[in-house]
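Once you scroll down, you'll see the structures, which are given as structure tokens.
The following pair of complexes shares a single chain, chain A, combined with chain B in the former and chain C in the latter.
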Partner chain A sequence: MSEASRPRAWVALSQPLVCGGAVLLLCGAFFLAIGREPLSLLWLIAVSAFGDGYALSETLVKTAPILLCALATALPARVGLISVGAEGQLYFGALLGTGFVLMAFELPGYVLLPGMLVTAALAGAAWSAACAGLRAGLGVNETITTLLLNYVAALLVTWVVFGPWKDPLSQGWPATRDFPDAARLPTFFDSRVHLGLWLAIGGALALHVLMRRSRWGLELDVIRSNPRAAQGAGLNFGRHVMITMAIGGALAGIAGIIETSNIQGRLQSNISFGAGFSGFLVAWLARNDFLRIIPLSLLVGALLASGDGLQMLAGVPSSVSLVVQALLFVGVLLVNGWYASRRS
Partner chain B sequence: MHVELRDIRKRFGAVVANDGASVTLEPGSVLALLGENGAGKSTLMKVLYGYDRADSGDILLDGRKVSIGSPRDAMGLGIGMVFQQFSLVPALTVRENLLLADPRTPWRLAGRRDALGRLAVLAPDIAPEVPVRRLSVGQMQMVELAKALNLDARVLILDEPTSVLTPEEAKRLWATIRALAGEGRSVVMITHKLEDVTACADRVAVMRAGRVVDQREARAASAEALTRLMMGEERPREPHVNPLAPEAPVRVRLRGIAARAEGGAIRKVDLELRRGEVLGIAGVSGNGQQVLADAVTGLLPLEDGQVEIDGRTAQAAGSPQPARPDTGYIPERPLANAIAPELDLETNLALKRIRDMPFFPPRETKAAARALLKRFDVRPADPALPAAALSGGNLQKLVSARELCADPAFVVACYPTMGLDVAAAAMIYERLFEHAARGASVLWISEDIDDLLRHSHRIAVMYKGRIAGQVETAAASRHQLGMLMAGEGAGEALAHV
Partner chain C sequence: MDGLDALGAFAISALRSATPLLLVMLGECLTQRTGVINLGVEGQMLVGAMVGYGATAASGNPWLGLAAGCAAGCALPSVHGLLVGGARANQFGSGLSVWMLGFGLSALLGSSLVGRQIAALPEIRIEALDGVPFLGPLVAGLTPTVLIALALVPVVGWWLYRTRTGLHWRATGEVPEAARSAGLSPARIRLNAILVGGLLSGFGGAALAVDYTRTWAEGMSAGRGLVAVGLVIVARWNPWLTLPAALLFGGAEALSLRLQAAGVTVSAHLLHTLPYLASIAVLTLTYVRSRDAGTPAALKAVMDR
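Presenting the complex of A and B:
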């Protein structure tokens, strides 16, 4: 027993280190390829993400939607589903949440704000539950449906901002009118960091406890491990598919409306910076563990936030940060694959 | 071709499959390679077929040492093998399957008559343009056999060929095997059934624990001697079934059950099980047995009919109720059907109770789980171990422990010993029959007529989703059951219902 567990413990320690090393090597090779000195550019990324109060607050602003979308991916994954629909749920939440704001524009904040959040959560949940229902009822692959509905949701948003909801005073700019201040979440530290971040972290912690301690977590574990055995134990696969997908969708929908009201201030076609997809990758990196999701969301948020700083300080296009994000995942994928092949 | 396997050793991880096994095959002769599950028969033949590579040992063809690294090498040397799991493409026709397997016909149009010629001789009743999925299991086996013969196999290995056949189909296969040997081929039949030996073998080699412990003329081998050779000294105790009390009342009623699933449909299944009765369900697999088991245990909704236990409705049409405490279900292959492999043994034992737990379940002490594991002889009896760490036999014991510990009135066991060795199977049977002796009604689905005849009180035969007939075991004959299984005895069987 102990002989068998010793190499496993060693693997558990060394694997993240090897992963980190591989990612740094890949990034270094990339920086050399674009003609930059690797170490100084890496240092600039760190400075642009954490260097001062402003940089840190921008990192946290990016982290919030990524974290929410990671939760939206990881929760369905607990029943063995692969949902890539956080991006679409985010857009649809933003869409209907905005609809509520436009209808209830004059109402006081204590009605407007909760109403907006609830509408967005329900919208995200419905968008996600549509795929869940197809999966539970007809066995339609949820990865395909969630992926395709991403485009539908984003295009619906584009349609309303170019068409019916376009602000007539915007002089042709495709966006709705600005949200009233009453529709904004409270912010902190005299920055753009908003309540959504604490909501996301609280959600991650709550889900962690629920998965570890509750009957619900146990039921999800059984279904994921063997759906047929779960059926024999009287656990309803379809119901848990609906519940996890709906909760996930609600979280992503909330991410969408907060991004719209607090960060952009109005609905326009590019509200997401790919937070839904970054969230998927974070959930995958964290292996759907709700505690690990928190620091990994911060890491990816920092990478994405560093883009603007890089453009200003180092004179490289901000999309370099997207390439670094991609290299992070490729590196981890390679190292994990190598460990897995060695094990077998 | 004269084939000699000499001192073959093969190990898979910690398991020694072949431990210095030696055997010879002679041209024009049928060798029965006899042994229990896990004795190493299949491995030894897979080494000859190049499917597994031996760790050490020699293969000699006509006295010449050869190296066989892959099935392709083996085919080149004239060695063919028909596996238990068929390698046919169900959507393609018989002809396409035969052409697919034949390297001499790279194009569909070429070699048409060649490919079909063999099959026409083996089984003239199989139409070449029929998709394979419409064939019966026996017919598929003939197609597999034709595939191997098309490659000019002079050594032919058949892995448990009669295990999936009805008695009538088996008889035909035995005749075919005799004819093939008559053409001068060496035929090896891997089997654990003594009747295969008496029916068509010239010689018999008995394997136990990775070695060939005996080779002799089949005529000179008595059933008793072969059994002793197969089992060795530690022959497990025969599971005991209590005689059924003549006045035992009916405890479980299946009334007009109808259900369907991917595996087929069942209609109008009416059965009554008395207190303490072990009712065997015989039939060639795929005649609705799995659907019946799933339907009466609430895994599959009933389309019609109901299940009554002690006079109360347990399952009714449209509202399946899985995990009832008065019903226990022991399926085949626990890892696929009844176990959450990543979770620990304690959780797996509690699986049926999860629904009734409070939202935040209290931490359970391991003592109760450990005691239950000990009682059902699950090894190791460590509640914290993940279920995936257990062997197949121990997993099946684990499932039995879970399903029987609540003392259900109705137990359904569907091929419960499939894939288990004799000792583990005997243990499962013993628990099951013990439970019946305490007053439960047991519905026991099996493909093994001999086991059913030996242990059940009554046998019902399923054919195409219906009960084709029922017989008291004491009055049943293999022939009669075989006829029912082949769907040819409905009229005769009615007399026994």
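Presenting the complex of A and C:
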């Protein structure tokens, strides 16, 4: 993981290729095992993710929340934290963001939209800061608390859409009333691709520059790699835990409210197709490098988008794309580990 | 006497809810003792539940179903063993991949099982206790998996603390270098621990589907595996303490069900947050009281990085 062990050129070239080959082999074996013809199914995945303008736009739509959640994982990882809470932060952001929309329903867009985004960001940050506070103050392992709070946040959303915020006009369907058009972010290319994608990419680039060039990035590196030296230099571990977790939570919260307002149009109990967990794995595959996170998020977004296409075109259940996603991570972790052990 | 009966009914309801969790915790406790944390138990539970339910539906024999669930739960984490042991991948990333794999596979292969009926495990009846306050309702609710799980607590405790292999496993988690120089293979011991943890989590999943809920649904473990990983810390990696820790979750779930049945107007969804919040609360208390005392050294290196 350290930058010191710089791979030689051929390794840098061959590693991604071997990774890709391993993942394709794993997926091929899996397709064979469930009685499908591997090559045609792989081709179908590629076509339904990138085949035409519509497919590409749906891929980008799925990429946005994954990218934001990957940032929410990678930033705390810079101080050595393992937060798996993006899913919960996303839900809680969607929850309170929706609350703001329902309260400010009639207000014009220039109040409604920023208010909604800020509320969601603060909500995600607060949800994340709860675990950060437990870690910084009492040393409670943040991986476990963030994981458990994911379920609590999802249950809270389920509660409001079945209960107090349920739209009486929606018959049996548990959801809030439809968001007003003023609460939707601008879209591009005549598709569902929204401003959130550009926010996410901009966030990734900004964090990349900050980590490389700013004093803050340097401080985080020192805390992670040498806690004792950090203490000697007067760097406050707890403060940086709170800041990185809160910023991460804010990004995930924004992902949640944008999915709710732009993609689903109302709050319902299933918001995210597991974007929080995909984001976690993307961040780990990218080794928390903010630049590498962007193409990897696109790749996983493509996989998930292709799931819908597969279901329609080939009658393949959507859970297949979940398995393929898992095989992607297994294959890459395996090959990366193999290369790392050869180097050392 | 009514009060005692209600207490007995509550106790058994907590125990039944705790049983799948207890089985997973016993396995994860052994795994973590050797210095490996496995978040994949959540997916292993799901695969164990799906295979256990499917095998019961196909064969008509719930015992066969439980055995099949154990086998499936044992097979899946070989991926974790390969990634963590062979490729030295990050344990949290690897565990999440296993979880996702288990979730996807069980949803895919289990879709035809939704709504199927299965045969029940035999009832346990002790007629002498019918009508006895507290004990009567307690025993009336007992099921075979509850008894097996309770029996496994002392077995695992004895095995870990009193046998030679148990000592080897603990040494692997505390001082792997010493274990290695004593001629042991920490890598092999950790792989074994991951597989045993898998077997017990598969059993836990099967107990959940075949005995406790008697249904199969996608994602039905609902975080129990992750709760188990957290509660193992609460139990300070001591198999004997897994029972009270599991009962904490079971008690919170039983309480939320009891409150609903009693017509409390609080939403069921809100009440369902209770077990998770209770787990976090007691985890926090554990950290306040004991900090890092008792954490296997190799595991501490993984968790604190």
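Just so we're on the same page, the second predicted complex is superposed on the first by the 327 of 344 C-alpha atoms of A that agree within 3 Å, B and C clash if a C-alpha of one lies under 4 Å from a C-alpha of the other, contacts with A are read in each partner's own complex, and residues count from 1 in each chain.
We adopt the following convention: a residue touches a chain if its C-beta (ideal position, glycine included) is under 8 Å from a C-beta of that chain, and two chains touch if they have at least 3 such contacts.
Keep in mind that what you see is a predicted model, and the values were worked out from it rather than measured.
Enquirer: Will chain C clash with chain B on chain A after the two structures are superposed, or do they fit?
Expert: fit
Enquirer: With the two complexes superposed on chain A, say which partner A:W284 touches: chain B (first), chain C (second), both, or neither.
Expert: A:W284: touches chain C, not chain B.
Enquirer: Per the contact definition in the header, classify A:S319: touching chain B only (first), chain C only (second), both, or neither.
Expert: After superposition on chain A, A:S319 lies in contact with chain C alone.
Enquirer: Just to be sure I read the superposition right, which of the two partners does A:F273 touch: chain B = first, chain C = second, or both, or neither?
Expert: Neither: A:F273 stays clear of chain B and chain C.
Enquirer: Quick one: classify A:L134 as touching chain B (first), chain C (second), both or neither.
Expert: second
Enquirer: Output check: A:V330 vs chain B and chain C. Expected answer is one of first, second, both, neither. What do you get?
Expert: Touch partner of A:V330: chain C, not chain B.
Enquirer: Going by the contact rule stated at the top, is it chain B or chain C that touches a larger number of residues on chain A?
Expert: C
Enquirer: Which partner chains sit in contact with A:R213 here, chain B, chain C, both or neither? Use first/second/both/neither.
Expert: Touch status of A:R213: first partner only.
Enquirer: With the two complexes overlaid on chain A, what is the closest approach of chain B to chain C, counting only CA atoms, in Å?
Expert: Minimum over all C-alpha pairs of chain B and chain C: 5 Å.
Enquirer: Which residues of chain A touch chain C in their complex?
Expert: Touching chain C: residues 34, 80, 82, 84, 134, 138-141, 143-145, 147-152, 155-156, 158-159, 162-163, 274, 277, 280-281, 284-285, 317, 319-320, 322-323, 325-327, 329-330, 333-338, 340-341 of chain A.
Enquirer: What residues of chain C sit close enough to touch chain A in their complex?
Expert: Within the complex, chain C contacts chain A at residues 39, 79, 82-83, 86-90, 92-94, 96-101, 103-105, 107-108, 111, 218, 222-223, 226-227, 229-230, 233, 267, 269-270, 272-273, 276-277, 279-280, 283-284, 287-288, 291-292, 303-305.
Enquirer: Which residues of chain A touch chain B in their complex?
Expert: Touching chain B: residues 213-216, 218-219, 221-222, 224-226, 228-235 of chain A.
Enquirer: Considering the complex alone, what residue numbers of chain B touch chain A?
Expert: 297-299, 321-323, 329, 331, 336-343, 347, 351-352, 354-355, 357-361
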